[in-house]
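A short worksheet on the structure shown next.
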């Protein structure tokens, strides 16, 4: 009896959805020749950069002294091409003017930025190798540097951060944020690409780490899972909205270790060589060489019966 | 000398694994015509819904006033078809009776539910646009609403939640849970599809957020990473098992902000306009407009030498 | 005017990247016949193992008593083949000697290990079914065991752990770590494959859970999201580096429940039947049947005006 | 200056194309629940059938006496499922009534036909092995039967034919024709699925062979490339259109060989044991044991200068 | 003993291959921003065009009067975009000047051509529907026009030809040839895109048909497999090379039928309504209404024993 | 009423198919470590070889003097690796002994052959460039050598032939035949890899061309579509089977042109500079500089009414 007819609700709903009133606030206008940034391509770019920086670990390119030159040549050139396209897409996404002169400007700008980024790759490799050393030395469970490079989520998150940070410094919009959110999704580590982080940086386990946009970290800093370097409060403008762009996250000096779930809030300074214990909540400056733990962390409350 | 023969252990193990004793408790019996829910298809559905709700950001469909109608038409119709199949699969998964009349019933029910869901899309778009506004206004690092829609894990998690919640309300089994677990995996944000959440909702960073099944959130609520809205304890039945279905998670009223790692447990109420500080643990009602922080959060314990 | 020429910076950068000085510390030397471990293949292996252990839930193999034997035969044989290759790749990754006799040794060793692993599958199924029971009984929101097997990230993480742990016990390098990091990325649950965990284990929500390499958990343990079973401090060797391989993580006895965000550090023992409340920080032994909560967790600090 | 605007011709053209006048003669109306036949699925089906018939040559299933049973079980069951769907799609394609009772009838019919087809697989294997023998014995360049099965386009075309012919006999519409056109495209051999062909059939090289719908071939027939077994003329009905369904192609008796480019037209009989030479054109009956060659095939015309 | 070392022959060979002497005659120089024509994209374009012309047969777009407009909108717009890119690639392939002004010119030209092509789609549909009618009426084995559209290689080849011919007329280089070679590979039918072919054209079986670049065919022409409409000889220039661009292929007037393997060579005219028999070789004009068959096609030569 | 039960015919059929009696004549026994030849990999190999030989036309590697070296390096090394695997697979396919020493022998042999093949690549490029020249000069429709390399099926077939022939000369079993059958399927041109063919060889249109295993062609030979260079008859051994390996195909001397559909049979010689017209059938030697056409090719038979 009952047959499935074409449901009229479909047509009515499509009409409502296609009504400008409905979509104008949440749509992206996209011009004929303007590319959109592509998460898939950015993932390919980050993987290629990792392949170029750590030869032989990722991708299918075996490393032999006889042939490494070919592989680096091909991969770096491909990286150049893909990144150039995505930087252009980022510039168009932000600008969103349907204007051929503007598009030509963006193309030239993208080309210049890509050249500068590629020139940074050897330095990125050098800095990331200090991060690998830090992770290897600091983790009693690490068997070899190879294992660290190949499997550690921290190295994945930090290499994405260092790539994204270099792009931010070169003035690329949206793309760095997309790269850092991809690493966030994979590792649970959320490092804003604008944060400044010194060499020999490492994170253990990592899930839940948050490093805010105006954070500044020295060299040889180590974080554990769940650490937040966040803002304490957002000064509001006359309309009650947060003022954008104010320094509002911590400065963490050299050689600091921060244990799991610790929350460090506001533009405070954690002095050189300090150790911050797990689960503490810090909103004031900490002098160098401090060691901070929860007050009376071991006060137990013994209860009997019932739930807790 | 030693050659690799077909290992007899393979055959023996297969025999053990195929023994009903071994598999009966952990297998799913699947009937000839019954479809299985598919994570891959659900991911396609959620992406399509996002494409329909936020035209021009996802998928390959450029938005121009001249052609948006075509794209919404095709995408909504495809969404209809895919969702209809998955709802049917969900009904079969739960029911698991090999009965052609039952299957026909499920088909009709799936068709009716899908029609109702599709009719909700314009309203889902309206509500999600309040969430986008809330995220944009509340985050000093956000450059544009476009960036929020395109990259923020919160919008990804909240849109999956709102889709899953609509399906729960329409009586769809298993599928909403699969959708929310997919978003959980991508973002680290775990919102149970049964939770009730008002408009203008936002989450910053998000990793580790948990919102339990019977939670009720008002409008304009903001959460930070690691916040738990959980159950304090589970009343047990006569067999010592948790009684299912009891209201056991918090009520969070309008305009509440809860900072990172705070844990709110039990069927308590956080009053309108309250601010809950980071890392606190709350298990009693909180009156409106309260501001709660850790007691003496800045008591430092200076130690010398040794570990902490 | 301005045309895009081949950028000379590309060639210069490639030359720098291909300079042995630059890459030697961060490259992996890979010999002609040596396979590399493959994340993609490991993912396929874990999925196959899940398909074999929980017939009918994953993959495309419907379960009927008439045909289950075929599917288990094919899947187990394929699992054998893929795993054999990856174990070989793991042995080569660690050894890294370009030596045909060594390669032959690895092949034979990989074959023997794979046979032993496959023989463990029925027992892995039995143990995992106790984990499924625990998750189902302990979660008031769970509708059926099927839902638990099909959607719960805890079951995903625990099955990966049990597979990885079995491989660790058989002496396989790198591969178990890769498997556990894949589960970590998907679920936010980081269980070191060397940890020892008893039957009927479950985790609720899970994001942010960390279980360190030398942890020992009894049967019927339940953890909530954000729980850390970590090391308190790392004894240093004469060079100031952590000494590797020391027992440094907690022992959690049978029937213990640990609530969200609790941090348990060091080689301490949480006695049988204890309940550890959320957000607490424990570094000393806890006697059996203890119930521990934060001291004065409900001390509120009411503030007026300003930020918190 | 010139910018790329949305071309108005697009909208105008779409309007014309969507006008019922324009599309009604060339569109296929497709009902909500009716599947369409799928070339991709049919290709998968033919490959599966080949894998089942010639174990170990195609697909990834190694053949060992210990495990062949599993592979045949899984592959045959998958073949059943895929074929059942395609037969249903074929029945719907032909019928094209939007009627749930009709759909249920088609489902039952498809299921019955699929069962009958699967039961024919052992016999298909037996017959195809006679074709393999014929190809191996008859080709001086063939090194082994394995090479014949694995690489010869004739075996590919003949196995597709035998599968399609079995489906035609079971009353399946459209699907057999699609299968034979797929083989035609791959091999250049066009065998109508309605043709009747005996055992030990082989084709050498094969490109350009055409065997019409009402052809009947005995056992042990061998064809070379470019041979046509066609219709001489089509009797017309009162409207001047060819009358459909009349026997109009040749009967080729046992043990006949037909060399390259020969054209045999009309419902004539080529008698047992005859040999037809290359490039001849035959439209009358040929008695048994005849040997036919072009008349004076070696008359040369020597010309000088100019073109030919 | 013998170990596999990196073979030095690899490096030597690469050096030879990268020597300009070796590659300069056979390489394609490709400039930074210039796209290359892509066979894959062209295949997508041809499929899209077929989907737009014959709605409901190809692709996944069901045809219902309620929604056909959406599908045609999306598909036509995508066709526009893809074709625009390929036409640009074709213009660059031919021109091969690394010059940004030239590139801009090509872009504008490609855009104009694409607009013109799209505007031809309704007419292409109309003409192709006459070809479908011709194939259906002329083939006693055809069950329905749907079968003809869906499975017949002739329709595949003729629709590719009509698309390619339209592109040739609009001045597009290389792309039409690529499209016709793709159809040639699939169907064995080789129609040069420059040939002119009237309405109601059909080909039966088709393998081996060749229609040369300067052929002109009237309406209602029917060809069988293996028919060649070729050039008799190529007038040579002073260097002994064929002079390009001379009319050198046959004119076939309306209502002509040419049977299998017939070879028609040179700029001759086959008069209206003529029938050319199989395997004949024609190099002179044929008057209207002629019927030509092989002379004494049935002279048999009976031989005994020996080979043929 | 009628429900779809698991069909018992499935189990019965599987039992029959898995019976050794049934499968033993048509199965391939495959040993644990022995690879199978893979059509997919061979296709990748042929494409890579084409990319290396004709840089810039195929694949994604743009050619610039600055970077061609990288691309050739990477592609040649990948070609080496893939080909080495397939040659090994070919040796195992033929040998089919489950013997580790034998396998080691095959590995060493495959490695040596692969080295020799790679060393031939520069010479293959040189010879193929003569074929490209011949096709370009001889075809009035060819616009550029680039078009010839990029689109002509003849170049595709001839490059596959030259690769396959080089492998035959190096003693590789099965693989060359698979390569030539792949080209046969794509182009309709069937060149046996054992045939010997001189430089500057070309084929126009090509569908249906057959060149037998013992054919010998001089330099500068041109064939048209449908030409057969075949065997006239196969001498039989005492069992009535064709004797394998006898020279049985034509010798075609330098500068010969053979027009479409001509059939040249037997170990005869077509003398230098001869021209063979279309559709002729030649089984005797032809002296140098001959021009052969069909005798009385233009005798028409005018008939009235009826069919032909």
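Chains here go by letter, A, B, C, D, E and F, matching the order in which they are written, and residues are numbered from 1 within each.
We adopt the following convention: a contact is a pair of C-beta atoms (placed from the backbone, for glycine too) under 8 Å apart; a residue touches a chain by one contact, two chains touch by 3 or more.
The chain list, named the UniProt way, goes like this: A, B, C, D, E, F = serine O-acetyltransferase.
Only a predicted model underlies this, so the values are computations on that prediction, with no experimental measurement involved.
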| item | value |
| --- | --- |
| Chain at maximum distance from chain B (serine O-acetyltransferase), centres defined as averaged CA atoms | F |
| Comparison of C-D and B-C by number of C-beta pairs in contact, larger one | B-C |
| Whole-Å gap between the CA centroids of chain B (serine O-acetyltransferase) and chain F (serine O-acetyltransferase) | 56 |
| Separation of mean Cα positions, chain F (serine O-acetyltransferase) and chain E (serine O-acetyltransferase) [Å, integer] | 23 |
| Inter-centroid spacing, chain D (serine O-acetyltransferase) versus chain B (serine O-acetyltransferase) (mean Cα positions, whole Å) | 51 |
| Per-residue multi-chain contacts in chain C (serine O-acetyltransferase), two or more chains | 2, 4, 6, 10, 14, 32, 64, 67, 69-70, 72-73, 77, 188, 207-208, 226, 234, 261, 277, 279, 294, 308 |
| Of chain E (serine O-acetyltransferase), residues touching chain D (serine O-acetyltransferase) in the complex | 52-57, 62-65, 68-69, 72-73, 76-77, 80, 108, 111, 115, 118-119, 121-122, 125-126, 128-129, 132, 137-147, 149-153, 186-188, 205, 207-208, 224-226, 232-234, 260-261, 277-279, 294, 296-304, 308 |
| Interfacial residue positions of chain D (serine O-acetyltransferase) with respect to chain C (serine O-acetyltransferase) in the complex | 61, 67, 69-74, 77 |
| Footprint of chain F (serine O-acetyltransferase) on chain C (serine O-acetyltransferase) - complex, ascending | 6, 10-11, 14, 64, 66-67, 70 |
| Footprint of chain D (serine O-acetyltransferase) on chain F (serine O-acetyltransferase) - complex, ascending | 2, 4, 7, 9-10, 12-14, 16-18, 20, 22-23, 25-32, 36-37, 93-94, 173-174, 177-178, 181, 184-185, 188, 190, 192, 194, 207-208, 210, 212-213, 226, 228, 230-231, 234, 241-246, 248, 259, 261, 263, 265, 275, 277, 279-284, 286, 290-295, 306-308 |
